[in-house]
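Same chain, two partners: chain A is paired with chain B first, then with chain C.
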Partner chain A sequence: MAKIATAARNPAHAGKNVGGEGVALKVLEPASRMSLRARPDTIAALSKALGVTLPQKPKSSAAKAGRTALWLGPDEWLVIDEAGGDPVADCAGVKGLHSAVDVSHRNVAIAVTGPNAAATISSGCPQDLSLAAFPVGAASRTILGKVEIVVLRTGEDTFRVECWRSFSDYVWGFLSEAARDAG
Partner chain B sequence: MLLIRCPYCEEERPELEFRNAGEAHIARPTDIASISDEDFEKFFFIRSNKKGLVFERWRHVHGCARFFNAVRDSVSDKFLLTYKAGEPKPDVSTLTAEGGPAAWANRPPDQLNEKPKSKRSTKGEA
Partner chain C sequence: MAGSYRISGQGRLTPAKTARFTFDGKAMTGLAGDTVASALLANGVHLVGRSFKYHRPRGILSAGAEEPNALVTVSRDAARKTPNVRATVQELYDGLDVASQNRWPSLSFDVGAVNDLASPFFSAGFYYKTFMWPKAAWKNFYEPNIRSAAGLGIAPDQPDPDHYSSRYAHCEVLVLGGGASGLAAALAAAETGVRVIICDEQAEFGGALRFEKGAIIDGQDGWAWAQGVAAKLTAMDNVTLLSRTTAFGYYAQNFVGLTERVTDHLASPGREAPRERLWQVRAKRVVIATGAIERHMVFANNDRPGVMLASAARTYLNHYGVTVGRNVGVYTANDSAYAAAIDLKKAGIGIAAIVDLRDNPSGPLVDEARSLGIEVNHGRAVTSANGSQRIKSMTVQAKAGGAERTIAVDALLVSAGWTPSVHMFSQSRGKVAFDDATKRFLPGTYAQDCVSVGACSGSDSLEDSISQALEAGANAARDAGAKPGKGVSITVEGSEGWNGGMLGSGPGAGADTTVKAFIDFQNDVTAKDIRQAVREGMRSIEHVKRFTTNGMATDQGKTSNMHGLAIAAEALNKEIPEVGLTTFRAPYTPVTFGAIVNHSRHALFDPTRKTPTHAWAEGHGAVFEDVGQWKRAWYFPRAGEDMHAAVNRECVAVRKTAGLFDASTLGKIEVVGPDAAKFMELLYTNPWEKLEVGRCRYGIMLREDGFIYDDGVVGRLAQDRFHVTTTTGGAARVMNHMEDYLQTEFPELNVWLTSVSEQWAVIAVQGPNSRDIIEPLIEGIDMSDEAMPHMSVREGKICGVPTRLFRMSFTGDRGFEVNVPADYGRAVWEALWAEGQKHGACAYGTEAMHVLRAEKGYIIVGQDTDGTVTPNDAGLDWAVGKKKTDFVGIRGLTRPDLVAKGRRQLVGLKTRDPHVVLEEGAQIVENPKQAIPMKMIGHVTSSYWSENCGRSIAMALVAGGRDRIGETLYVPMPDKVIEVEVTGTVFFDEKGERLNG
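On to the complex of A and B.
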């Protein structure tokens, strides 16, 4: 008799969390993510299809109904959907030339929260994360230690750090040590 | 750490996010098969390697990932000007190592978060 094999996806670092003094780290639930590249003439159509206006200002993001679009470059966005939607499927009907690639499981997201959140990330990130330079809603691709990350400020004291799955051990270790020092 | 102005991100970013990509304004021959070996050598291998003001390509690799051009003083390492790829070579006679549009990048730390004025003076304000 044939046995039915089923595979369950095991998210990296699922459910891990660390608390420091004034800062907490938590690995976030898996989400749908899309890497989107498009020329200016398709932005309006893509925004309509996605239900969120693609930001065109550097270092900015736009969020609506569980879906966040992060400006990464003049023609590049990272779209994160935490509401269970499929952004790639939503873009499929758009006629204009664009590239929409599902990168959901390429990234691991870590929430850094608390009054010392900015200090924790700043331990390895050379960007100015003060509220004046990096306000709520600001998003940027940058570096943490020796790996590339995407930082999104979701609140005055909360950040979402996105890194590649294969770098997540390093990022988690780095932020955990930084959280211990930040207090 | 140097702060380099990315013309696409429109702000100063830390040096660690950038990578040098060689000399700028080297035009690829339109018909590369027809040029002589000497001309190919000049195009492909020979670089000016000047002391003083140099034109360089840089890439904001850990940021917007775009290539852009920069005028840099190879003696002092100061960036005098950065501009988008494809824009014409700027007139360097108006730039000096002390002033110029990038001079305010060398501001003291407490003034770094102030937005740049829309029209910047060519005289040093740092």
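On to the complex of A and C.
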């Protein structure tokens, strides 16, 4: 049998970036992502398997070695691995009650950076993004305009905005438009 | 000098900074900082518009947002044309084009003014009573004519080239209004360090200090103090100052909508700045400092141009350096109008007389007026303003009647007192309370975390207002979590009082008169209209309002509500609180559609969702159709093909060899957990416990009422893991439906749901050659019929990437659905396409998909079902687990009407003439010769030309349909009656042999 050629990966909006006044948008590299659901008594074992302590406080995240766990709900986390790991595989051996589903390709991530980053996102997101209410490491599943996003503050002036793949046209367009009026 | 009525040495504008503008084509000059109103007045123009109903000449009543009369159209260019702009609010810029409204052919000669002469026929409720017959005339004659005669400016007829922005904001303290009280409250809150937002509709902060010359604060003139405070607040990092920003709506949980006018005052706005910015603010505490609005006096012809609120005349003089006349009269029922007369007199303007309705006015202002030599007539009334396009004189008479005296004036300043602006408080669902002593409504019971300060709370002196505001600002910050600050102290050394006044009509406009004494200028409502409404049986103020339209114009009765209420109360012989105040609703002033819509235009109007293979389909000439937010390839026409030809070719090719179809939009839900099968049993009608790992099943989901909600193929990937598919349109709601039941009805189950709709791109390969196309690209899956029978699912690799390979068919032919991670969708599609080319496969779109499934009688939920169809109705009883004791909808299915005979059932229809294609939605009857309206016994749900069958095919819901198979029924159409035979729903390969063919 002839060797099968491996399919090329075509991420949405690969490499796109745009600059506004005091804000820049950039589509981030593909990452591994896992939607994790678990009962409280499995959290410790999952944390150990993942190498990141799953946060249990609303609007928070925990990160270690290129892997970030975002609290999305009382029993729900989004785990993003940018270091080439496979979080679903890491959870495979955990016995306690949980659900680990690979959603790596479901999301597209956009970095919003610069002194006007928060104002840009605030154009369509009702979350309070002030540093006091939304410090570095804060994370939330929320909305931007008409669509759902997950927003993670990775630095004082840096956010990671995640949305579903087919909504990325909209999110990119919205953020680009908002960046015009973020000054 | 920019305008002959500009008084040198008066006002705060810079004489050197001129701005040219045109009014109805006539070139004029104003000053930077002017409003359109002040610039027109500086040029001696009072007549600026015609009224709504009677086309009466109208002037400028106010100097602010309450303006009911001076509505103009301002234009930058043909597309940037804004009607109904209040001239008192629009800032002047060089090159501004202003036009008057509701007049033809010109402002001074207006044909529509004949309405004024005919006004006895246009009284309150006139439209309700008059244009009743003949009925058809309303639509064709009355309404179009009334609409063209009555009305305001004309809406622009070109797309709006400006863009609009939005911003969500959060703060501890939001201050509404930037007058003395608002500024003081903001200062007190801000010094604690919490986030403060303060907004004001004017270009500059200061509120009533714009005209209140007597205010001395912290040793400074009040206005200078206000600018100092604004500068101080601007310099603070924790404060956002928004000028030209109107708080228009107060919603639940201290959510307040503001519109900021960013460029309307600029001569050259540039392309980048938005015209307006919508702010949606969530505040822990709100301080309402919205001030008060002066009322006019109600007397005959009180709408003549030149009749103006006293505070407005003062504003034009003290802020803009403009006098509203040379020989000015004053008619008042309180002290504050005296200040206007005094300021004008001191500026060298003649004051003809002050007419004071009160019998014995006294106090320092009255004394000062007298000492300046102004004639003060007390216990007297102005019974009429005379003149047409401009007031020429006023008729004065003692309250008790007697001799009339006519005094020549070129402007008449009026003041009936001040109405606290409780709009925002009322919008917050606070209950107003009537203060009998001062005859006004004040904030009573609060419903939200807010507080009213200053004039809007009934405070009459600047000193009281500021100390109240300082306390409120500090308390608001403290209640929002701030540590106490050092405290702010402000010393008020000079202040003016605003108390007193009267409500309702004055002498000469009482119950026994028929004069036109206007209450609501914008809607042309007079005192006698209110009385007539009461005479005709209106008792509640809500009814009076709707019958007369009092307070229903764009100014929402800011100057008219209290007068209307007082006159209604008097006519009803009741106290004002018994008659009640109408509720204030958002918006406070009109808000543009642009601000509300902001970013949601063009591509951002709604998300457009595209699949990973969208670009490929585009490149291959696909025509797309909208399915919800998705763009789906509809058909792939080749050169010279129309839709019909393309669809026919695609349908034939799929059954002959194979076709590729993008099914990525299907909803996909991963159901994981030890109780996954148990959960599936509860959500679907089918049995799942015994479904083997690696096998699939077509599932039906019902609502509680027993009707079909969604359907789809479900694969069992592991004992505790299902891959569920839903319809494209149902994806989000099915997920919500499942989550809802899981959380509220079955929380004890150990199972979780994850949407993976967008994780997987889905490529359907259907047709006899489908396996041959896929197999060469597959690793780790045995695709033989023995190893992988129809309705099975395998995990392995395709093109070196992970796949969930389903063997399933929505065509009736052998078929597969290849699921791959979305980013690989394009490459795997292309690889399958290349393989497919070797077999003559086609790419097909949603239309061919629809035809192919209809040939097999497969339903589409939402097309062949409409929310009133049970599994039995749809012929899907086989999919309902007979031994099951529970699932969502099981009780609904036993309802008497759902098991009754004669329900509409899904059947096939074959037209007698095989070339006739029925119209979807067409009604079906038994006997086409019966009288109209005929008894309709069903309707066509799906209908196509089937090239594979060589004839038209259709499905329909028909009463007792399955018992009618073989019968002839009829489909009456506008031009003919179509004869159809009732058949089964399978038109092609009835035995189903092709699934393995």
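We adopt the following convention: the second predicted complex is superposed on the first by the 177 of 183 C-alpha atoms of A that agree within 3 Å, B and C clash if a C-alpha of one lies under 4 Å from a C-alpha of the other, contacts with A are read in each partner's own complex, and residues count from 1 in each chain.
The criterion applied here is as follows: a contact is a pair of C-beta atoms (placed from the backbone, for glycine too) under 8 Å apart; a residue touches a chain by one contact, two chains touch by 3 or more.
Computed from a predicted structure; not experimentally measured.
A.B. asks: Which partner chains sit in contact with A:P58 here, chain B, chain C, both or neither? Use first/second/both/neither.
C.D. replies: Only chain B is touched by A:P58; chain C is not.
A.B. asks: Just to be sure I read the superposition right, which of the two partners does A:I143 touch: chain B = first, chain C = second, or both, or neither?
C.D. replies: It touches chain B, and chain C stays clear.
A.B. asks: On the A-aligned overlay, A:T158 touches which partner chain: chain B = first, chain C = second, or both, or neither?
C.D. replies: A:T158 contacts neither chain B nor chain C.
A.B. asks: Which of the two partners, first being chain B and second being chain C, lies in contact with A:A133: first, second, both, or neither?
C.D. replies: both
A.B. asks: Give one of first, second, both or neither to describe whether A:G73 is in contact with chain B, with chain C, with both, or with none.
C.D. replies: Touch partner of A:G73: chain B, not chain C.
A.B. asks: Is it chain B or chain C that touches the larger share of residues in chain A?
C.D. replies: Looking at chain B versus chain C, the one contacting more residues of chain A is C.
A.B. asks: Both chain B and chain C contact which residues of chain A?
C.D. replies: 126-128, 130, 133.
A.B. asks: Given the complex with chain A, which residues does chain B contribute to the contact?
C.D. replies: So the residues of chain B in touch with chain A come to 1, 8-11, 13-17, 62-66, 112-113.
A.B. asks: Give the list of chain C residues in touch with chain A in this complex.
C.D. replies: Residues of chain C touching chain A: 163, 165-170, 195, 272-274, 277, 280, 282, 599-600, 603-604, 606-612, 630, 670, 672-674, 750-752, 754-760, 776-777, 779, 798-801, 820-828, 831.
A.B. asks: Using the touch rule from the top, collect the residues of chain A that touch chain B in their complex.
C.D. replies: 58-59, 72-74, 76, 126-128, 130, 132-133, 140-143, 148
A.B. asks: How about chain A: which of its residues touch chain C in the complex?
C.D. replies: Counting only chain A, the residues touching chain C are 1-2, 4-12, 30, 35, 37, 39, 75, 97, 99-107, 119, 122-128, 130, 133, 145-147, 164-167, 169-170, 173-174, 177-178, 180-181.
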